[in-house]
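Look for chain A in each of the two complexes below; its partner is chain B in the first and chain C in the second.
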Partner chain A sequence: MARGGKSGSPWGDAGWPLWLPAAALAAVGFAAPLAWLGRLSLYESAGSGGYGLGNAGLYVAGTLTLDNYRALLADPYVWRIAAFTVKLGLVSALTSVALAYPFALVIDRARGWTQAALLGATILPKFVNPLVVIAGIEVALAQDGPVRSLLVPLGLVGEETRLAHTFLAVVVGEVVFVLPYAVLILVATFASVGRSLVDAARGLGASPLRAFLEVTLPLTWRGTRAALVLCLVFGLSAFTAPFFLGGPEHYTLSVLVHRLVLVNLDWAAGAAAAVEMLGLAVLLVLVASRLAATPRTGDREATVPAPAERSAA
Partner chain B sequence: MIRRRTLLAAALASGIPAAPKVSRAARPFEGESLVIGAYSGPTQRFFEQWFVPQFERRTGAKVAVSYYWWEGIPNLVASLPGPAPYDLMVTDPTQGYPAILGDVAAGRPDEDRKAAGQSLFAKIDWANVPNAKRLHPAVVDNFVVKEGYGVTLAGSGMALVVHRDVTPEVASWGDLLRPDLAGKVGLYDSLYMSLFTFAAMKAAADGKAGRAHELLAADLDGVLAFARANRHRVAYWWPNSAKAQEQILMKGFLAGNMHTQAAANLLREEKPVRVVTPAEDRAYVQYIWAIPRTSAKKRLAEAALDFLLAPESQRALATIGLQNIGILEVAREVAAKDPTWAAAYPHTDEEYRTLRYYPYDVYLRDAATWARLNRFWEREVLRKGV
Partner chain C sequence: MTDRFWRAAGTLYALAVAGTLVSVLGFALAVSFNPSTVIGLPTSELSLRWYREFFASPVWRQGVGNSLLVAALSTALALTVGGASALAADRASRRRAALLEASLVAPLLTPGIALALGLLVFFRWLGISGTYWALAVGHALISTPVVFLVLRGTLAGIDPRLEEAARGLGASPWRARAAVTLPLALPGVAVAAIFAIILSIGEVVISLLVSTPSTQTLSKVIWPNLQYELTPIVAAASGVLLLAAGLLIGVAARLVRLDRLAVVLRGR
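Moving on, here comes the complex of A and B:
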């Protein structure tokens, strides 16, 4: 069905009373702040004196310049932080989806209270204050915490090896925050696919692995891609996990923006960094979507061989 | 846009209990309101339990306290040229010196301050703050007080805190350079304190313990290079006292610097740490209490500042807020009753006489130095250099 319905309007058949609140919310809550952020990034920086005012204010009013962008783009320090941000985004997104996929499959296959309990367990962490979650992860990964207590005797972690405030800790934190979203998207995807096609494939002689590879996986690819992109978006804007579970080596662009705006009080440079971060996120999401779409396009149908083909084989 | 002041006024109007009966003559600010900007943390208890009820009872004014950390001065700057969000506020030299000297130190003044020819803070009429004379001379020996922009008080000092499991015992800043502590040290991620810690470590290593202030003043670049060369010893850069306390207890680090107040709290709770702050190279945070020049309540703010400096308030600041104070006689009295407080803060003639702040004058020598320091700290010390 063509978008826009009979009216041909981009809003479809929905009248203005329906779309106006959403449009107003988007304008006030997103477009206007974004426009202000863009304008702020074009003010002359008042300096980056470090804590406090450093120099004469938050930005130099009445100016219009691209200097903040030039300075950021020419700064290897910022590039290193950007590279780390991308690395964290990719690692946490791939890890989250890799963990979420089988878990969502288990939830889909479960029935009754078991399914409800598994879904509840997925959602429950989102009801907890993120700082409490952070504290829990810190305790778990502490030098005398339960994870090391388990891994050190097994020889999987050295006596002196630190788990807390490392890249691993940051990834663990980010995955804990993002995983529920990936699981929920994939559970919905599995539910929409249903079991009948898999059962049909099995009935036609496909092994469980082949049924999975040739039926389940292709049919859930779009959902998997959506989960991956969502996790990537979260990962690229990660702040809480790198800030609390990492150290200075684990600053992301979000942490850099925080430091520029709230610690250095250099609002113009902070705004430019925020715009650059937004641009980077959009670019990477587009690339990721493109790459993820390449192997299996659109709503490609499962490739379970027809009975005739099987007979021929 | 609803201003902070409006919100605070609304909050005041909704829930302030009636003041005890005091004659109108003794309540010179009856019906007026005051907004104080104070640091979050333990001072909240002091303001809530002591300052606000006492000051309201004595003056008739209504007081609201707005707590912040780094955002106090930004809020003030963002309010210009309108009314200040606070009538009396606390800041520290890293934000306060530029706020006072912006047009001198920055080299590029913001137009408001240039036009007004003033700092962000009003000059205090000392006749309205007689209790300032009670402060020990070492506490107020700086340009902020001399030029009348505010009152300085010493805050937390730099403590050397060690987990009890560490053997042999750590006794000096130089011990943080011991091979067995490499990769097990914890330091504050703010340079004003930890660069001084590195200076104290270097001074000790050079056989010049106690000369960290002088070392920084004479060889700032040398200390910076030393910090960069020894950054690998740091396992954890703590962002605030709560994290420092948490991490040393979880052995995220085994020895390092900490605010004396946080260290004292660990001792109070009998946690498995030792506080072994050496007598050499002690330094304290400098708090600046100032009145924004855009406040319309200067006279009331001065009264509040005076009450803050009164002996009874300083006593409450020590006993309720567990803070450092500026009056030697009161400090002696508090120390006699509370050995843990005494271990954290100066309370003898000698300790007051030799009291020194962190070397803010070196850090904030000029805007270029401050900018360079921050850049180096952020890029070469906190992170491996690029």
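Moving on, here comes the complex of A and C:
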């Protein structure tokens, strides 16, 4: 792994030419597009009345203004969308990690065929076009769909309750999208922690629950934090799930950008919204990693319980 | 007693989660075999009616063709960039390798719609927006980091002494790489290519913004059909996409153990 520096050149023994393809892709596919996005956001907006016909629409070339940002920041509707984006991101990230943690724990303890099958089921949705996943959820939550026909007779869902195009549907979709990332990170975390410390705690008389709370949980806190931040990164840019599974009250900033650009044909305003979204994402992720980094159980030493406290459960 | 309880509870829970994830795809597949024009799970008979309509429609056929072409182009790009970068990172200092990885992973963490809009604007400025190569570059942004991680894992698993032995026997650095390291890395390269194809076929947002009616990929053809009312032909498209994913995963699974790759792909 750490073969660095062996060749004497910091670029590696093949020299800098091997770095050119990555530099080219980063320039053409990432740096320049984001720069052009920023530039577009500073053009004067042509408003949404022209629908791109004639002189109206897209943007007014040759102008330089911060009006797009002013308009967005002054619009309470945009603030509501931003607030909903954050809410959806947080809810789906927390739900995903909460669901993924015990799931990854079971995968870690499983062996052979079971482990492979559970991992396969986790990764499978990520290998399929997300629109197929959306279609599947639409079918599942439809008014005469399988979920309602299962839950209504059990009394868990009211006779008249709609599941499609609700906040629940949007969260389900987003969780299906980000859960696999959380599971993969946590499976790797559990694998790196290993079983020996848990076995030691059990051998000294800790109940399974106690061993989990005092040994496994503190040791996997870092990985859990990483999973949470990654899920939040993806959750904040939620687009297809709220677009297809929600209603107008479930618009996220991504949906707003899409609408401004492809429905209103107001590219400059769309670009400004996209830049704001980038800023918000960076900000929230910084805050999230800060908050998650405050010393909690992670920095406490895992204490081994006394035998007297054995199997209180 | 408690041990068995926790194990049983854990297994039940895991089956519920895995079952939910898989059943979502199962529902999408099941509706495609329902001959009725009303979307829903098949009740009485199964039919391939919507698959026939799918393959009879020029728009859908063109979508399949475009998706395959863009997948091929973007996979070539991703293998070139990801392969060169993996070789570079394998031999570079730790800090530079981390920098390289960060620059490749950054597009993956950027909100898709912002990246797609940026690509659209920049490609329009270049005059290449809507072309197959523009789409291929966009898709390569998504697949290159994955290709890079897989190939780095592959290279890390190859004993460097083999290449050194070849060098000691007089081979040039590139000769040693081509004759010794490349054949050993070939299964990893194939798996990386399969991942790149899968990611390209599954890409939605960049395709939505950058492609034109003549270059639109399957994702973009599906898009309007999902928006208001799910149409049965979309279910057939889902079936085709699921079949493609299944075949590709099957090939990949024959090449390497997928559960090993899951750990490689864990991200950072």
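To be clear about the criterion, the second predicted complex is superposed on the first by the 265 of 313 C-alpha atoms of A that agree within 3 Å, B and C clash if a C-alpha of one lies under 4 Å from a C-alpha of the other, contacts with A are read in each partner's own complex, and residues count from 1 in each chain.
Just so it is clear, a contact is a pair of C-beta atoms (placed from the backbone, for glycine too) under 8 Å apart; a residue touches a chain by one contact, two chains touch by 3 or more.
These numbers were taken from a predicted model, which means no experiment stands behind them.
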item	value
Between chain B and chain C, more extensive residue contact with chain A	C
First (chain B), second (chain C), both or neither touched by A:251	first
Contacts of A:139 with chain B and chain C, given as first, second, both or neither	both
First (chain B), second (chain C), both or neither touched by A:82	neither
Touched partner set for A:93, first chain B, second chain C, both or neither	neither
Partner chain in contact with A:272 - chain B first, chain C second, else both or neither	neither
Doubly contacted residues of chain A, that is, touched by chain B and again by chain C	138-139, 142, 144-145, 262
Of chain A, residues touching chain B in the complex	46-58, 60-61, 76-77, 80, 138-139, 142-145, 160, 162, 164-165, 247-249, 251, 259, 262-265
Complex interface listing, chain A residues touching chain C	1-7, 10-14, 18-26, 28-30, 32-37, 39-40, 99, 102-103, 105-107, 109-110, 115-125, 127-140, 142, 144-146, 176, 179-181, 184-185, 187-188, 191, 207-209, 226, 230, 233, 236-237, 239-240, 244, 253-254, 257-258, 261-262, 267, 270-271, 274-275, 277-278, 281, 311, 313
Chain C residues touching chain A - in the complex, by the definition given at the top	2-3, 6-7, 10-11, 13-14, 17-19, 21-31, 39-41, 77, 80-81, 84-85, 87-94, 96-97, 100, 103-104, 106-107, 109-115, 117-119, 121-123, 125, 137-138, 140-141, 144, 156, 160, 173-174, 198, 201-202, 204-205, 208-209, 218-219, 222-223, 226-227, 230, 234-235, 238, 241-242, 245, 248-249, 258-259, 262-263, 265-268
Residues of chain B that touch chain A when the two form their complex	70-71, 73-74, 77-78, 94-99, 102-103, 106-111, 113, 183, 189-192, 235-237, 246-247, 250-252, 367, 370-371, 373-375, 377-379, 382-384, 386
